[in-house]
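Dumping the structure here so I can ask a few things about it.
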Amino acid sequence: MDYQSIINDISDEVSSLLRAGKVADYIPALAGVNPEQFAMTLTLFDGTQYSVGQADTLFSIQSISKVFSFTLALKLYRKELYKRMGVEPSGNPFNSLVQLEKEQGKPRNPFINAGAINVADALISHYGDEERAFREVLEFIQDVSDDKTIESNKVVASSEMEHGYRNLALANFMKSFNNLDNSPQKAVETYSKYCSVEMNTKMLSRAMLYLANDGIDPITGRVYITESQSKRINAVMLTCGHYDASGDFAFNVGLPGKSGVGGGIVAVVPKLMGIAVFSPGLNLQGNSLVGTKALELFTTKTKLSIF
Amino acid sequence: MDYQSIINDISDEVSSLLRAGKVADYIPALAGVNPEQFAMTLTLFDGTQYSVGQADTLFSIQSISKVFSFTLALKLYRKELYKRMGVEPSGNPFNSLVQLEKEQGKPRNPFINAGAINVADALISHYGDEERAFREVLEFIQDVSDDKTIESNKVVASSEMEHGYRNLALANFMKSFNNLDNSPQKAVETYSKYCSVEMNTKMLSRAMLYLANDGIDPITGRVYITESQSKRINAVMLTCGHYDASGDFAFNVGLPGKSGVGGGIVAVVPKLMGIAVFSPGLNLQGNSLVGTKALELFTTKTKLSIF
Amino acid sequence: MDYQSIINDISDEVSSLLRAGKVADYIPALAGVNPEQFAMTLTLFDGTQYSVGQADTLFSIQSISKVFSFTLALKLYRKELYKRMGVEPSGNPFNSLVQLEKEQGKPRNPFINAGAINVADALISHYGDEERAFREVLEFIQDVSDDKTIESNKVVASSEMEHGYRNLALANFMKSFNNLDNSPQKAVETYSKYCSVEMNTKMLSRAMLYLANDGIDPITGRVYITESQSKRINAVMLTCGHYDASGDFAFNVGLPGKSGVGGGIVAVVPKLMGIAVFSPGLNLQGNSLVGTKALELFTTKTKLSIF
Amino acid sequence: MDYQSIINDISDEVSSLLRAGKVADYIPALAGVNPEQFAMTLTLFDGTQYSVGQADTLFSIQSISKVFSFTLALKLYRKELYKRMGVEPSGNPFNSLVQLEKEQGKPRNPFINAGAINVADALISHYGDEERAFREVLEFIQDVSDDKTIESNKVVASSEMEHGYRNLALANFMKSFNNLDNSPQKAVETYSKYCSVEMNTKMLSRAMLYLANDGIDPITGRVYITESQSKRINAVMLTCGHYDASGDFAFNVGLPGKSGVGGGIVAVVPKLMGIAVFSPGLNLQGNSLVGTKALELFTTKTKLSIF
């Protein structure tokens, strides 16, 4: 397939939509981003990359980091992790407390904020301290991206904390149900730090290869997780990766994927490639509007849906 | 792969669990079913079938019928259907009214009861009357199963109506939001009639072939729906097919599937086969306990997960 | 106190608000009512009445009928009635299904719709049939009003049924929890019939005397209920009489009261008088906007709050 | 009336229930309290007191403090206070986050925890700092009790903070909706300090006199609040004073009242007296089981219900 032509066509088709979304404005660092950006990169198992748009522009990966922290936690805790959280779609917005109350402080899945903060808490417990937990997640991201230059943006991270009352509410709430080991403040800070990691679509699509290849990096041969764990992470991305628009994403795109409020979305074509798109304007559910559309066009044109 | 050995092994492995589930007891016709039954059938694209257990025993397909009625409605209404309902996981039990209130009478998806009753209503509107709508669903089931002997059990259907107050509540509720064309009574009756269709695992696994083959029956060549529609039905099965255990099913089994309270589950391996299992004991979420386990063993042994 | 001057002043003060509310429009019979009407009547224990405005104009009493049907049911069932429903404020709109689901089909109190329909069901069970249950409620209203001309408006009652899908949803829902004896249709019809009773403020304020006087009509001496029952009905009016504005009404008016969507409100000054106001424009919670304001002015001017 | 005989009788009648409740066990300081205690005091307008049981035993007033802090805040902010919170019954447990999410961070009323923490925040803003806000509440309590010995128990207060994650969740949640001026930590600490004030039933019943007498202390003549404010505080006590058992309390007792998890309940008979009861065993809604029963017996025997 002529992937370059396909993504060029996609770039043309979505260009008229670049102003339709709304950039995340809950922190100044994100609110200042130019909305009229678009990038898309495909990375094949041999390392070949096809890119269009601003594929070298770094952006805040935000919730996409949840894929990496969940991978680490699943590797370390295996089935024990499910004592802390489930793997069900929530049917509610990403930061809802309602379900957490009904379900006694146990988050529905690792991709809603409560679940991701709980994952951060599990990593702090395992690694012994907050700083180490953050470093391990960052190094894991550098490893799967094969790029040691990747870093977290400290201004964004501290800005997140200044506006992180909702996340602190979630963390304190879980703590009140004895479903958090460490202090709520620490868990949220660690989580905020790796949310503030900055990457571009080339790095992110490359970072998805281990999930496209049953847990093994197809280029370096490094084994990160088991085949079963890899398939399960993909399953959770499919059912829970886009909050209360996960069903729509499965329906319209048909690939395991995860979005971030910074405008990025990663997706996996099992056995074939990693994909990343970037466009900062968000739809009503908080996912990149143009990014979602680009992925929908991609599976329509290539028939690469998993269904 | 030696499918016969695999399903024989599965049958052995699940035998100790046959008493662990609880048979549906909300109507006498279901409550009287012997819980210690198990059957599993795989049907390949050339018609070859592999079976184990009571694969000739007919059972009530119940909510599995929602796959067939949704197919018909999607074919007839295409995108118009989404004015009536969404395609998001509900995160709630199958017969919950809470979400329906919050979302102004628009069901989350076609596989929760409210959505399926709404599909029945759409079919009544299209076909002009209740009886015709039921006959069309039944004939569609006979067509995709290539078996004209399949019928609905009238005793079960009328028993459903006698205990169908919850479904009538859902239908009246949607009607109060102007999201039902016909009388609530008629919509629920039509729905109940095709829920009471009786099939065995041989018939059901054969009936899934059109969804495994992008909308076309691989044996007869009949085109039922478009490739895109077929993939989307599979996506909805994956994200919403098992109510508030859909995430678990995606996570543990990794195939599009749909369960019924009569103890059946159907599943689809895209490009390869249709599957049906039967065992009447249900787990807490109302899905066949042994059937779910059997499918989990199947994808573990064959690695045929879509992820 | 010069009650006539006080209510004349109130009438002047509220006149500028007569267009601020919104007339109920869910059925044609109510939607056609002229919004710029106002009436207020006080009835003392010796029968003296003070009126202002259209105090002879009949209007649909709607949910005010719940006070009378609850009185009858409490008299007949005593504590047994609380097996069917509670006496707690709901904190939700009058026709919500959410709480009913959470609380297993047991309505919060007799003044939300689900509770009132359940009361109707209890009366049908006691009196043996639907028509008799309605006649008994009507005769009770005639008795406490000392006026045999009071009747239900059949056009309004049948119009209610045509648009009563939400009430049928509530009734079917309770039936599904085995918390309804008779058919949902019958319970809702009986309830709708006495909601459609027509009275004016003279009749309604007179009808409240038994609740102002510990269960005994101070004019005729007839004993309707016990002192304890009377106090408890007043307590439920105070905590639950205005749906999710009950707290506001207690806070601003400070009297037990009950509103109806037809624009009427009744209130009780224990040991002293019955009050009725009428003005069809409703506030956002579905209570008479001007009627609520008039009662607030009344207790401010007279200091007759129970607090 | 022979009040002493009446409360002696009540003490006899409730004695068999002293083991039926369950002492609050969320902090060690409360968990260690002997459950088999009972005290009841009535204080008339001339200062006469009638007591039975351990009326000199100090206990943690806990949520009863919300009456005093709300009085101060209402006096200082008047109608402005309702921009921060409502006066509606919540229909939910005292520490629920569900409603707070639905209603955008605005607590239903000042007596649920979220509302009371918000009141503490308002007091900190007015007085300029946390310590001063606490001192003002304490001095107000000393004033209305006419007893300068009353103090907060520091061990209890710090123990509250150690187990106060749920309250911190509520405070952070309100902060995320911009409905909190100060740091969540400070608001919860201030609130916890005055929750830990210790009083006995003699002090508490005396402290209620200003609410029984339209805002004026009938003994000292001091004017604390206006008549209208006093009536409104009583109204909120009646509709919201016992969380999701407020309707039951209004129904069975018929007096404005407020309970605390330490086992105390205060109540007001307008124009006549203040009442306090104490018994540490709680019912399922978190209110003193024996205390509630004693108040129910009191209004049954004296007919002093406000209805």
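Order as written gives the chain letters A, B, C and D; numbering starts at 1 within each chain.
In this section, a residue touches a chain if its C-beta (ideal position, glycine included) is under 8 Å from a C-beta of that chain, and two chains touch if they have at least 3 such contacts.
Since the structure is predicted, the reported quantities are computational estimates derived from the model, not experimental observations.
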item: Shortest chain-hopping distance from subunit B out to subunit D; value: 2
item: Chain whose Cα centroid lies at the greatest distance from that of subunit A; value: C
item: Chain centre separation (subunit A, subunit D; CA means) in Å; value: 47
item: Centre-to-centre distance between subunit C and subunit A (centres being mean Cα positions), rounded to whole Å; value: 54
item: Subunit C and subunit D: spacing of chain centres that average the CA atoms, whole Å; value: 32
item: Sequence positions of subunit C contacting 2 or more other chains; value: none
item: Each pair of chains that touches, named by its two labels; value: A-B, A-D, B-C, C-D
item: Residue ranges of subunit A in contact with subunit D within the complex; value: 96-98, 100-102, 165-166, 168-170, 172-173, 175-176, 184
item: Complex contact set, residues of subunit C against subunit D; value: 86-92, 99, 108-109, 227-228, 230-232, 234-236, 238-240, 244-248, 250-252, 254, 256, 270, 300, 303, 305-307
